[in-house]
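Per-chain residue numbering starts at 1, and chain names A, B, C and D are given in the order in which the chains are listed.
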């Protein structure tokens, strides 16, 4: 009997998320690949003490980063919403601060007010930590960050005459993934640059929830075009047609 | 000016391989994904003291493993050819020995005669070592092999209460990759289960050579279907139409 | 040498019993030998997503033809039937799936299993060379490891032993042992005899098993459906 | 405060000069700011394969429209024009490409560069928080690192310094520095002044550069084509 991972609406899809959960948010930053409806549902759920894990984080609302600027396009939303609402106490990300000429983001404001911890990780290390968590690798060495503040408190080791840092796997409780298509088994298909952090996060979270434009029967995604295996996906939710968010 | 990585024939594609080189051979084992024409060209080149890196290795010729058995299908060839010809002195692989009821492979014969070293690595560790070499990771920890002979002489370490082994990256001098389609920039498209070790090996070798059925102009492979980036591929050679080898 | 109290079951029977333990909708990897036979012996209505190391997930049945497409195979070199919802991927992804603990059940063959659940199945010491393949990754990392094998060697020596003398595939990894005479569960407290073949008493099974068997409170005849 | 002997070049001029150093057919990653300007300033006939961290390789020109497809962007949030031979992939692959040393050249912005080629470009200490993004991976692992930046701060303090006081992006990583008055090569023996803008002597450049500059044997005017 094939299972069907479809959940009827975004509210139900996030309903079991408890206070203190860590939430991975897929995509790269910007509208493409952002699971915006899942994020809004989590905000409406009202849980708190969340740790958010993302890449570019919280700069779109103030800078329009990664969002279209056509006349009919909606105002950008981003991970800053969880800091504006005091739901999140920590973010682990690579790019939370825009240039000096931009207004402060909600994340930077929360950090300045001492309400949120911000852990800034090199992007390649962050994605590799997430990938490692999903792939059963507890730790790995990387050259990135050697000789910088990123290396503070971490093991340093030489291999073949070059110096590396030990970095550890980063799992999550939940992953919110945005994809263009899902089949009912949870196989996901992505388009263009929207995948970014999504596929690795799907492997690294205890519960992976995908927000998609379209849900099809098994076989509706070409076996050569599955970007995330259904094995990693627990719930899928279809967006409403004509949703103004990309 | 876009480059064109096409080489006219298999002989020229392997002509610069020196004695003592390490050669990664893509695919999984069996006909699907095996770069058979590149392997035959290397055998004909006659260099020696080679180290072969592969997965299932050398068992097809005696067991027919992974080869079709239709009436018109050719007799299987495999990595054993380099051991039968005394060109290879070492193989690093996961599966070089068939069941006891099968005839001895050329690799096992060479090993019994003391002419070849055989290093047997768990398959997941082998592919991760190759992936690590291509991705700038010098070493990583894995649970696989702990408490077995694979762990001998290796660092053991606990993370979150579980025990892991330290394994190191495995680069190669050359990688032979089989794909179904290439564009002139070297982007490769694979079909079905033929990719296996190919994509990771392409990233891990100094020189990657792809044997393909078809070479197309850039754009002839969908940007969503590139299995190996042209960035990793140095040479591509097209097989003759109607080649009896799969 | 003692005489068997009743016939032992066939390799197909072992596989059929193992197939009963495979969870509907689960992601399952079958080793070569007896385990591979499971795929065509599932109970009515059960559908699995088979994974094979060479980069395929979601197939459910094998084709018996010998001239299939060599680009669509399983790790044993057989040709899976194409079904909707399948996916192809490379070996990095394939072993991320295994090592990351995303395989629900693996059924593996065994040369020896110890009372602690150590598994040895990749090398016969006197040959001096063997094939690890994906077995170590599967045994170490699958959520559940079932070993399907004959209960003894051809000369009736126990394969379920106090301590493996053959090189280990992984220590302390086996959850269930299904043989041609018994079903045994490996727990931290020891081995529990869950089922025995028709005509075999717990004492009969114990006689060709090295570690002590605890007879389960739910001990029952070998299940066939 | 000294007066400039001649005008400094524009940000576009810096980018145009950096673009001259990009190898035909090469795989290039451009940072945000001045580096991003390079893509539309390449010499005639030169074609590059741009890489962006978010998972795209092979684009060569940017579109200036503001309402492109948000699913096809570069890491700066701009819309690349689609060209044949492009590929999309995830961030794991994207940083495997970077960290594995497969990027031929990266052009990055800079806050400070030391005489040893240390780069600081991700945080202004008084702000106390900054964005690393892909910069550390690129600076540490690209085959060649070009820093394109203004030669001094707005109050004419050197940005090429003996020792970076800002948090490092990577030590000892910079190969070339291209500024609004000079082109400087970082070698193990020290900094070598390769070119200077019209009206700027080596002494003029040295006056607003902390580490000692060696004047190259091939010293010449700032190249524009």
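One rule holds for everything that comes next: contacts are C-beta pairs under 8 Å (C-beta built on N, C-alpha and C of every residue); 3 or more make two chains touch, one makes a residue touch a chain.
Computed from a predicted structure; not experimentally measured.
A.B. asks: According to the touch definition, list the chains common to the neighbour sets of subunit B and subunit D.
C.D. replies: A
A.B. asks: Go ahead and note the Å separation of the Cα centroids belonging to subunit A and subunit D.
C.D. replies: Each chain's C-alpha centroid was found; their separation is 29 Å.
A.B. asks: What is the distance, in whole Å, between the centres of subunit C and subunit D, each centre taken as the mean of its C-alpha atoms?
C.D. replies: 57
A.B. asks: Centroid from C-alpha atoms only, then distance subunit A to subunit C, rounded to Å. What do you get?
C.D. replies: 38
A.B. asks: Send over the residues of subunit D in touch with two or more other chains.
C.D. replies: 88-89, 95, 98-99, 141
A.B. asks: Which residues does subunit B have that touch at least 2 chains other than itself?
C.D. replies: Answer for subunit B, listing residues that touch two or more other chains: 128, 131, 135-137, 142-143, 191-192, 223-224.
A.B. asks: Taking the top-of-page definition of touch, could you list the pairs of chains it picks out?
C.D. replies: A-B, A-C, A-D, B-C, B-D
A.B. asks: In the complex formed with subunit C, which residues of subunit B make contact?
C.D. replies: 28-33, 55-56, 65-70, 73, 94-98, 100, 108, 111, 118, 120-125, 127-128, 131, 142-150, 180, 190-200, 227, 246
A.B. asks: Would you pull the subunit C residues touching subunit B in the complex into a rising list?
C.D. replies: Residue positions touching the partner: 52-56, 66-75, 77, 88-92, 94-95, 98-99, 124, 127, 129-137, 140-141, 167-172.
A.B. asks: Write out the stretch or stretches of subunit D touching subunit B in their complex.
C.D. replies: 24-25, 27, 45-47, 49, 51, 57-58, 82-89, 93, 95-102, 141
A.B. asks: Touching residues of subunit B toward subunit A in the complex: what are they?
C.D. replies: Listed in rising order, the residues of subunit B that touch subunit A are 128, 132, 135-143, 159-160, 162, 164, 168-169, 191-192, 223-225.
A.B. asks: If we count contacts the way the header does, which residues on subunit B are in touch with subunit D in the complex?
C.D. replies: Residues 1-3, 131, 133-137, 183, 185, 187, 203, 217-220, 223-224, 226, 229-232.
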